[in-house]
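You will see chain A twice below: alongside chain B first, and alongside chain C after that.
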Partner chain A sequence: MEIKESESKGIWILTLNGVMDAHTSPNIKTKLEAGIASGKTKIIVDMKDVSYLSSAGAGALLAGLTASRKKTGELRLCSFQAGVKDAFDVMGFSKAFKVFTDLDKALDGF
Partner chain B sequence: MREINFQFPNKLSELANVRQKINEFIGTEIDSLIINRIILSVDEAVSNIIEHGFPDSKESYISLNVQLDKDKIIFILEDEGIAFNPLDAKPVDMDEHLELGEDGGVGIHIVQKIMHVEYERTLSKNRLTLTKNLTEEI
Partner chain C sequence: MDTQKISKVTPTLAEELSRYIRLLAKAGKGLFHKHLYKPLVYAGWERQMKYNDSKFIMARIDEARSDLAKLNTIGPLCKRLISQSLLESASSLGNSSIFFLDRIGSIPVLAKSEEGVEFVSIIKDPLNEFNLENQTKKEKTFEDKLETISNQELTDALSPIELGKQEVRVKIQKEALALFNQISIFSNKGDIHRCRKLIANYLIHYAEQEDNNRDEVEKVIQALENRSPGFALELNDFIAIQLYYSIFSGISEGDLKKAIQGIRKYAFTFQGNPDIKYFMEIDELEGKLQAVITKKDLWKQLRKENI
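Presenting the complex of A and B:
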């Protein structure tokens, strides 16, 4: 799992590349926890290069969402691949998140 | 009917290999969306065995038999971890889970949502059988 970071108008953008399973997802969870603890509470996770997602990956994102909201922030998701979005929906995680089709839309009004 | 058998170490780093082997075995015989969901369910089951079946971190092997027929696919997982019947696990209320926002604890719930699950403890092994009827709506 590769994690690229950038910042735009005070929003922390994480672009993930690879698979998010029980082996790789602890990395993203740790990254989110550290960022949120340091005050980066407005977050967009760009999923365009994520080719696989299991409940461990979705759980890491959910933990990030919960931690950011506790600090009055938010975690948005964007640019899902179709198969990954289907897994996210089937697992029942979609309704907890604001999901956008691309990064510009996720940035809009944040 | 076609089938494959293989074994893999009880390490989470093996998950990607397991998914790839299943994917290659199934090929293009099943709709890709359905394959994705089936592989997700097997990945969740294997992750659960590795994360919870070996509290002493003992090195072990998990065996997987996959049988593909015209109308169904069957996965039989056998491990030498502690006895664990996933059918005894408390049902997950997803709304409550999302509200609490905690990581983990929904893997078995997802397996049961996608597959028909049977569990058997034989001698020192757990045997988990996951079946998908390919003629039914997923």
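Presenting the complex of A and C:
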């Protein structure tokens, strides 16, 4: 899984590309936790190039959300592919997150 | 496979082996013979002379358990139990082995005893070997059965429990209260094993409920962790073992609903924590499940039912 980083208006943006499962999610979790520990607590994860998401992947995002909230931050998700979003909803994870249709909307009012 | 020598049997290992024996019992006589009976016979645990029957020895063990002066007799009695059951029948050996492992998990002195450690050292590798073979087979069975499951069955299996209903919330509150009371009683008695079982059952049962008092339960877990370091880790392993067993016994019994619900409960309970037991194995099964849902084009329908 490829992880691209960028920053906009003090918000840390991670753009993920590939499959998020038990093999790849520990890396994402570590990346999120390290960033949050260094003070990057406002985060957007752009999911547009994620083609598969298992519970392990969703759990890594949830761990990032919990860690950011502990530091009064926030983790938002955006640009899900339709099938991936359906799986995310069915697994019941979407209730925990603020999910946006695109990056601009996620950046709005952060 | 872990072939390291052990000096003490952890409750998690005892629980794991106990679950493997249950799965082994469902796998047929030949495998039971190969992975449990033979290793014990080859290790010299079979005795030619008949003692009293195994049920009588079990009663003596539980009697000794409540008498401090007899605690050290439990190890030799358990060994005698296994020796006796080897002469009786496969089901007697299975029951006696599960009984022994259960007592190892709940009686600290037995977990460190020569007999407890020897028993586990004998059966650990053969049972792990069985489990690896069984897991590969059952993953294939799961995949095959998913191919033939009807859309309705799959939808039912993934349907959530009615989350918002007042009576459900009231029931959970009552159960939580009962749980905290029971934990308090067993914690005061120093019965950490029972506390672990109670919390595990509660968390598994209400894994998907939003309003499942998780914060209060976490406080109880932290208090027990302070009292007995390692409690939280053992609890997670314990829950993972229960769910793993539930998933694989569901597959063995052809009960896909049980298997699918186990996968969901694992996801909700552990939320992607890679340090939890069976993280990779269960992710693999979830991958197969998602592939079938995609192939049958059921995401939209499931989404409607779940939101």
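Brief remarks on what is shown
The working rule: the second predicted complex is superposed on the first by the 110 of 110 C-alpha atoms of A that agree within 3 Å, B and C clash if a C-alpha of one lies under 4 Å from a C-alpha of the other, contacts with A are read in each partner's own complex, and residues count from 1 in each chain.
FYI, contacts are C-beta pairs under 8 Å (C-beta built on N, C-alpha and C of every residue); 3 or more make two chains touch, one makes a residue touch a chain.
Worth saying up front: this structure is predicted, and the values here are computed from it rather than measured.
Partners chain B and chain C, once the complexes are superposed on chain A, run into each other and clash. When the two complexes are overlaid on their common chain A, residue A:S55 makes contact with chain B and with chain C alike. Look at A:I3: by the touch rule set out above, it reaches neither chain B nor chain C.
Contact with chain C, but none with chain B, is seen for A:D89 once the two complexes are overlaid on the shared chain.
After overlaying the two complexes on the shared chain, residue contacts for A:A22 are found with chain B and with chain C alike. Note: residues 21-23, 29, 52, 54-56, 59-60, 62-63, 83, 86-87, 90-92, 95 of chain A belong to the chain B contact set and to the chain C contact set alike, using the contact criterion stated above. Across the complex, chain B meets chain A through its residues 12-13, 15-16, 19, 32-33, 36-37, 40, 43-44, 47, 50-51, 94, 98, 100-107, 110, 113-114. Interface of chain C with chain A (complex): residues 158, 160, 208, 210, 263-264, 266-268, 270-274, 279-280, 283-284, 286-287, 290, 293-294, 299-300, 302-303, 306-307.
Within the complex formed with chain C, the residues of chain A that make contact are 21-23, 25-26, 29, 52, 54-63, 83, 86-87, 89-92, 95.
Of all the residues in chain A, the ones that touch chain B in their complex are 19, 21-23, 29, 52, 54-56, 59-60, 62-63, 65-67, 69, 83, 86-87, 90-93, 95-96.
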